[in-house]
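In the two assemblies presented below, chain A is common to both, partnered first by chain B and then by chain C.
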Partner chain A sequence: MEKRLIKKDALAGIAKKMAGDVLVWAPVKQEDNVLFKPLRADDEPFFAYLNSKNAPKNVFFPHTETLMKYTRTEKGMVFSEEVNDAPQSVLFGVRPCDAHSFVLLDKLFDQEKYKDGYYIAKRRNTTVITLACVKPPYTSCFCTSVDGEPVSSDGADILLTDIGGDYLVEFVTEKGEKLAKYFGDTQADAAADAKKNEIAAKAKEAIASKIPAHEVKPILDKNFDNPFWDTIHRKCLACGTCTYLCPTCHCFDISDEVTEVEGVRIRSWDSCMFPLFTKETSGHNPRTSQKERWRQRAMHKFKYYIDMFNAIACVGCGRCVMYCPVNIDIRKIVTDISKL
Partner chain B sequence: MQNPYIPYPVVVDKIITEVDTKDIKTFRFKFVNPEDEAKYAYIPGQFGELSIYGKGESPIGIASSPTQKGYIEFTVQKAGVVTTALHEMEEGTLMGIRGPLGNSWPLEYLEGKNIVIVGGGFAFTTLRSMINYALHEDNRKRFGNITVVYGARNPGLLLYKEELEAWSKRSDINLNVTVDKGDATWKGREGFVPAVCKDVAPSKDNAVALICGPPVMIRFTLPVFFELGFSKENIITSLEMRMKCGIGKCGRCNVGSKYVCKDGPVFSLAQLDELTPEY
Partner chain C sequence: MENIETKLREEAKRLLLEKKADVIIGYEKGTLPLTATPCFITQPDEADKLVWNNLCTQNLAKFVHDLITAHKNSQKRLKPEDRKKKVVGVVARGCTTRSIIIQLQERQYERDEVCILGVPCDGYVDGKELKIRIGGADIVDGSIDGGQMTMKTSDGDKTVALKDVLADCCVTCRFNNPIISDVMIGSPAPAMNPDAEYDDVKEFESKTIDERWAYFTGEMSKCMRCNACRQACPSCYCPTCFAEQSQPQWVGIGEDASDTQVFQFMRLYHMVGRCVDCGSCVAVCPMGVDLRKFLKKIDKDCFEFFGNRAGSSMEDMPPLGKFDEHHDKGDFVYNP
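This part shows the complex of A and B:
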């Protein structure tokens, strides 16, 4: 597909121009964090960022989402389906690891039999523009161990790569090509392509943190009862930070919020790290302690998701490593499992 | 396509208090929109999410059989927020049901085979659906002998008393109802389900056992069936887990690489052996 060049300092302007036409999610500085936000007229997108604190999964799978509304009548409640509001949108400047996570989430939410219309509508109407990592942003990045690369178009409709003074703009999908008009008219030459490949190879090389993620599946298959599981959870506070920040974690709760006359049924993110997640009405809880919950998290990412969808449910963004308040490191866990 | 998160509106048509303790009732629902009944085409062994606005949802096995037209039934024990609200409802109330969800009793596999049905206490509901389905004149010929062992702690806790009475008069079902301890009026069998199974001793030949009950009943019944020579492929049960979405997304009922809500709730013992023991 087509490739173009744009000047580096033109990027923010392009995002803002787009935001005049469609809903644009872009990285914005907010206090000490960078977060993906719908870009408003007075917002300045911040593309010199490392990565956003939260994974941008909330664009397709919001933290809280209304599934339906209802009103009380004399005979009981009457409900109405919440209109699936998914405007044409652009997710502008996500990192390749996070774009990879969308491909993984699609496998779950867009299955053949049970389709999640809320997720699919937003996904379908959103164009993903990936901003390649020409230098790995953090020492905790390990995307190359989990089928990712710092310069990758996986999950992207458009890939932007900083090749010095310019961004190389690669239109990856037809959906991406539809936004070509925003990216000037300078065609990229073979030299730009070569430069990008060189940068991509260097960036890949620079990911120093490596884990044997592909080696642990057969070990996990056989070690559900290994005493190893008694060791990793001990300092875990069950705060759920790892699952909330994780680009691929997708577990949710469904609950009702009501007033006297009307209400909504919402879904909101939930976490396998919480004791109540699996607790049944009878009091029985299949995962009685943090040991079972941690085993579930590790198993789900590095075994169950492979069994179900033939993919590891981790993109190597390193958020759980950076933000765990007690320094539990999934990289060490996977490495230790590989030695069992 | 029907949004799987949105319930079909139903009206509570009839409420039957099943047991003396009054905490188990059967709720008969009619669809508010008659065309929804066909959309809710279910198979015995499937479940639905009973949806009470403002309270939430509860996954409950379908107790009626698809051969019973015009309504759908769920037998519900009063236990948590949703089921308590349900028990306080009156006939005529509007609410919702989602589904049908999950796999089912393996009807195709059961075809031409002798069926042994073992139920204990309140876990008899989807087995009742299966029995009524198999006994229906359109289906009876598709299955071989039907043997049922059903037990409750005492006569007052037996579900579906009128149906048990009707089944007992039929010659095409071998019905064995037992209670742990009878009362002054009880003329039937006394004894625990495993002991009765041993006594009834159904043949393993061309037979499949469907077993649902409290864990303690399952624990002592399985050895009886192993002794009788039933293979793990031919002992089939239904699991319960905490659930929300019912369609394999929300993660709550994830056991190993399966979601009980969509890959189950019905599993053979052979399948359960493959599953991580975390349910």
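This part shows the complex of A and C:
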């Protein structure tokens, strides 16, 4: 497909121009956090970021989402036609690991057996523009161990790579090409391509943190009851930091918020780290302690997801490693499992 | 801190060998540069991994409560005469001992179920402030020496003075040495600057209601309801938090601004006379919500109205946990 070059300092202008036409989600600096937010007229996108605090999954799978609304009347329940709000949007400047997470989330929300209309509508109407990592942002990045690369078009509609003074703009899909008008008219030459390949290889080489992610599946298959599971959870606070910041964690809860006659059914993020996550109506909780909850998290990422979709449910962004308040390091856990 | 670490390891080893403690909760080196993380030691030879430095952040009293409670629950079906006590050893600085005092005052466990290894404290590093000082760069490697933090980062070499990145709660700490202990390690640390304890609160109090409300709602809008603040808090030990009750449901589980505000409001008010300003909730918050401003306001009111400083002595009961029949007006209790 087509490739172009844009000046490096033109990027913010392009994002802002786009934001005049469609909804643009971009990294915005908010106090000390960089977050993906809908770009408003007075916002300045911040593309010099390492990675955002929150994973951009909230664009397709928001923390809280209305599934339906209803009113109780004398003649029975009246359901309102809840609009599944999915305007044309652009997700501008996500890191390749996060773009990879969309491919993984698609496997669940948009599969043959179940189709999640809410997710699919947003995904369909959103163009993903990936900003490649020419230098791995964090020492705890481990994307190359989990089928990712720092310069990758996986999950992207457009890939931007910083090749020095310019960004090489690669239109990966037809959806991406539809935005071509925003990216000037300088065609990229073969030299730009060669430069990008060189940068990509170097960036891949620079990912120093490696985990044996592919080796642990057969071990997990056989070690549900291994005493190892008694060792990792003890300092776990049972908060949702890891799961809420994770680009691939997708578990949710559904609840009804009801006033006298009107009700709203919402779905909101849930976390396998919360004791309430598996608590049943009877009061029984099949996962009685943080041990079972941690085993579930590890198993889900490195075994169950492979069983179901033939893919590891981790993209190696390192958020859970960096932001876990008690430094429970998934890299260490996977490495330790590989030695069982 | 080196010789404190050596003594700490020796004492921990001794307590385990002499079976005076079944487990020691302390800190070990983390997997990321310039971090320390809670650890649980049951074997004497593991005691050598214990560390004590300015990177030890979490208030370990939370784990003391959790371990003892889990042990008690596991013994519920035994005959009383067959039940055994579990003694939990804990590496505790001033704020940790204050939390233990609160848990003891609130009858969560007996004094002989906890063995306190008291350590002097000169403050811990606020990881978020450190990040700001180094321009958000990624820390590749680092060390602390002579009051300086030296780091190799993704943005070149950086040096930051330790005193500039200490957590707010540490800078103005009034109780940086253990209040109670079974074994005291090292000599007391020099005083911090408690005179400035309420400076931030006073400034906040001088604002108008609208400004304060705007600050509150602004801070709460950052919250993503991960519950890390509550989970890290040694005073938040309810088996079922009000936020998770379903009959009745006090707060919604979604991202609605008022639900988040109500959740945080109710948690804050449950902290009256029970917050020791250990800063754990602030340290763990992934989104950087300034919870301390509000907790400190409550703390100040609690001191000014009731003369109470949470957990400052075994005798000084939390104001909401005591009833003085001679002085407290009882009408509202009997005739609401």
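Quick note on the criterion: the second predicted complex is superposed on the first by the 337 of 340 C-alpha atoms of A that agree within 3 Å, B and C clash if a C-alpha of one lies under 4 Å from a C-alpha of the other, contacts with A are read in each partner's own complex, and residues count from 1 in each chain.
Operating definition for what follows: a residue touches a chain if its C-beta (ideal position, glycine included) is under 8 Å from a C-beta of that chain, and two chains touch if they have at least 3 such contacts.
Quantities reported herein were computed from a predicted structural model and do not represent experimental measurements.
> Should A:Met1 be classified as contacting the first partner (chain B), the second (chain C), both, or neither?
A:Met1 contacts neither chain B nor chain C.
> Which partner does A:Phe274 contact after superposing on A: first (chain B), second (chain C), both, neither?
Touch partner of A:Phe274: chain C, not chain B.
> If we overlay the two complexes on their shared chain A, which of chain B and chain C does A:Asn327 touch? Say first, second, both or neither.
second
> Kindly classify A:Lys53 by the partners it touches after superposition: chain B alone (first), chain C alone (second), both, or neither?
second
> Just chain B (first), just chain C (second), both, or neither: which does A:Ala201 touch?
neither
> After the superposition on A, what does A:Asp253 contact: first (chain B), second (chain C), both or neither?
Both chain B and chain C are touched by A:Asp253.
> Name the contact category of A:Ala238: first (chain B only), second (chain C only), both, or neither.
second
> Return the residues of chain A at which the contacts from chain B and from chain C coincide.
Touching chain B in the first complex and chain C in the second, residues 253, 255 of chain A appear in both lists.
> Enumerate the contact residues on chain A facing chain B in the complex.
67-68, 70, 72-73, 75-79, 81, 108-109, 111, 113-118, 224, 250-256, 258, 263, 265, 267, 270, 272, 277-282, 286-287, 292, 296, 299-300, 303-304, 307-308
> Touching residues of chain C toward chain A in the complex: what are they?
30-33, 35, 37-40, 58, 62-63, 70, 128, 131-132, 136, 138-140, 154, 222, 224-228, 230-232, 244, 252-256, 283-284, 286-288
> In the complex of these two chains, what residues of chain B are touching chain A?
Touching chain A: residues 1, 3-7, 9, 11, 52-57, 79-80, 83, 92-96, 240-242, 244-245, 247-252, 254-257, 262, 276-279 of chain B.
> Give every residue of chain A touching chain C within the complex, in rising order.
By the definition above, chain A touches chain C via 30-33, 49-50, 53-54, 62-64, 135, 137-140, 234-235, 237-241, 244-245, 253, 255, 257, 266, 268, 271, 274, 276, 289, 321-323, 325-327, 329, 331-332.
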